[in-house]
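Chains: A, B and C, in written order; residue numbering restarts at 1 for each.
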Amino acid sequence: MRLIAENLACDRGGRRVFAGVRLSLESGAALVVTGPNGVGKSSLLRVLAGLVQPAEGHVAIEGGDDEATPGEHCHYSGHLDALKPALSVAENLLFWRAFLSAPDEPACFGLAPCDPEAALERVGIGHVADLPAAYLSAGQRRRLALARLLVTARPVWLLDEPTAALDAASEEALTELMRAHVNAGGMVIAATHQPLDLDPVSTLRLEAAT
Amino acid sequence: MAIADLANPTRFMALSGRLLPWLGIACALAFAAGLYMTFFVAPDDYQQGATVKIMFLHVPAAWLAMMCYSVMAVSALGTLIWKHPLADVSARAAAPIGAAFTFLSLITGSLWGKPMWGTYWVWDARLTSVLVLFIMYLGLIALWRTVEDPIRAGKATAVLTLVGAINLPIIKFSVDWWNTLHQPASVVRLDGPAIHPTILWPLLVMALAFTLLFFTLHMMAMRNEVLRRRLRTLQLGAASARTATARPQAAE
Amino acid sequence: MSGPTPAGTWVGALFARELRLSVRVGGGALIGVLFFLAVITVIPFGVGPDLNLLARIGPAVLWIGALLATLLGLDRLFQADRDDGSLDLMLMAGRPLELVVLVKCLAHWAGTGLPLVIAAPVLAIFLNLEPLATGAVTLTLAVGTPALTLIGAIGAALTVSLRRGGLLLAVLVIPFSIPVLIFGVSAADAAITDPTPFLTPFLFLCALTLVASVVGPFAAAMALRFSSD
């Protein structure tokens, strides 16, 4: 499977944020998007997710499900955690699993979704499953948001500043999750300032043009 | 908001610039003829006296209030389906004009109502419908003014305009139904078959004059809106002339 | 991956989640009923405690109270999901957004509209309504308030990105809710005084609810898609 973006341009509020971005990513590879603040890293991920219509160019998935849009092949984890404080940790996770997953998914992408309990254990918050999400710390909320990526299978992970609010140990655990996803044949596109210890990894640097 | 966006509006600006004086002259002539006929051709009503002449303002204003909404509904379709850059400009320019005509229709209706019904306001089906239309116009304008990004604002109001277009007949019908329930006798009937030519012709000429006035104002407002958007684009460009271009480096 | 999903699972999950959120801490389910009670309590102070007058205007007062309670509770319908990023995920999942909106509206109605309907007979006692009139008002509210929620969803979707969209939502939506109010009150009134049959306005009210259940989700979904840009 291959994710291709041709000549992408994006406008926000009548202003051209970036133009002429092209990228191509194979199954089992990772891409790090870097660049100074305000250069459009988040916008690029939102365009890839299909949340923002590109002003020019297009995004395509080769070898995926032809019925689905490229965005439907993606998990998106942005600055917001998409958690409801009034629901318990398990309720939050189970809702997203029910909402996002389709029954034939494992066969579809060759990636197996994880059991909810196992997913919470893997991100290290298995002990708080029955607590309301309101009681979680910022780092724990982040991990719960990441557990969502594990319980439904999507070949492409779009991660916007995934290490925000995470300490060094959690960062290492996150890298481990990404490595496992890439090794299983998934793709990771992360917008981050930190170097990612993944293999193979390529870098897309967005530069502010003068 | 790039070059493709300005190509069409540029042609529009050139064309409308040439058309506008002629439209203005035609409008002035139609008003001169219409007002002359109103005051010197149309007879006074044997009961209402000279107050019946308010009708020659009231009825065209009410027609225009409806027509303006149709223009906005068509423009909304243009925004949502064909994504035409001028459609949004047209809808946005039409809204305040439509609100003004609706307001004029309410004011003249109320002034006409005073000698006829003895009070400035009656919850008559016609007046009530126009009042609802007025609130809808103001709601649309408010939505335009609260959403900051003009493109997003245009799309949001287009959705609301279309919902309004679907709902207006329902509202009209239900208000009529409500009215017959509460006050069975209809007060004014203008659409009777036996309207005399000495009233009909001034009315039609005035309606033509109002329509021309609408198109003149609409075109002027559209030109203003195009200029306003160009100015905004220029200001945004001046604020940040920053465009990123990027190439992926080879995987290591 | 939207193709062969049995719709039941995610629809049920969404409905359950929305309902849970509306009855738990921070949800608006009870506040709507309290607001309804407050409005009904204020009315006699305005028009005087004349029981005959109250009985005459009672159905209208209950309807206007329910209208306001419904509309003022709607501003967070999509905004809460937008603020915490849930809306992005819902837009990305490839689920038909019209259906998502419809399910959210039904759950919202079950959480906030249904309590209003249940409270109406109790509040009708304050307004000196006959048992028959009480039944008629409750029935019309049960049929008509879903229409208000569905129409209001359009306003909620249009004002989803605005900080203080609550009042604007009401302004935008009130013109569209006039027909619902007219036929709801007419049907309720017809049950008390009978120059008109009850069934005619009542069937119109049912028709309005059905129309709203089509127009509302479509228009709201369209507005939500545009707001995500």
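Methods note: a contact is a pair of C-beta atoms (placed from the backbone, for glycine too) under 8 Å apart; a residue touches a chain by one contact, two chains touch by 3 or more.
These figures come from a predicted structure and were not determined experimentally.
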Worksheet item: Among the chains, which one keeps its Cα centre farthest from the Cα centre of subunit B?
Response: A
Discussion item. Taking the mean of each chain's Cα atoms, which chain ends up nearest the overall Cα mean?
Written reply: C
Worksheet item: How many angstrom between the C-alpha centroids of subunit B and subunit A?
Response: 47
Item to complete: With chain centres taken as the means of their Cα atoms, state the distance from subunit A to subunit C in Å.
Response: 36
Worksheet, complete the sentence: Whole-Å distance, C-alpha centre of subunit B to that of subunit C, is 31
Response to the item:
Residues in subunit C with touches to at least two other chains are numbered 229
Practice prompt. Give the residues of subunit B that touch two or more other chains, as numbers and ranges in rising order.
Written response: 151
Fill in: Of all residues in subunit C, those that touch subunit B in their complex
154, 158-159, 161-162, 165, 168, 171-172, 174-176, 178-179, 182-183, 186, 196, 204, 208, 211, 215, 219, 222-223, 226-227, 229
Worksheet item: Which of the residues in subunit A come into contact with subunit C in the complex?
Response: 49-53, 65, 67-69, 71-74, 76, 78-87, 91, 94-96, 98-100, 102-105, 108
Practice prompt. Under the touch definition given earlier, write down the residues of subunit C that touch subunit A in their complex.
Written response: 1-6, 9-10, 12-14, 16-17, 20-21, 24-27, 83-86, 88-95, 228-229
Worksheet item: Touching subunit C in the complex: which residues of subunit B?
Response: 80, 132, 135-136, 138-139, 142-143, 146-147, 151-152, 155-156, 159-160, 162-164, 166-167, 170-171, 173-175, 177-178, 181
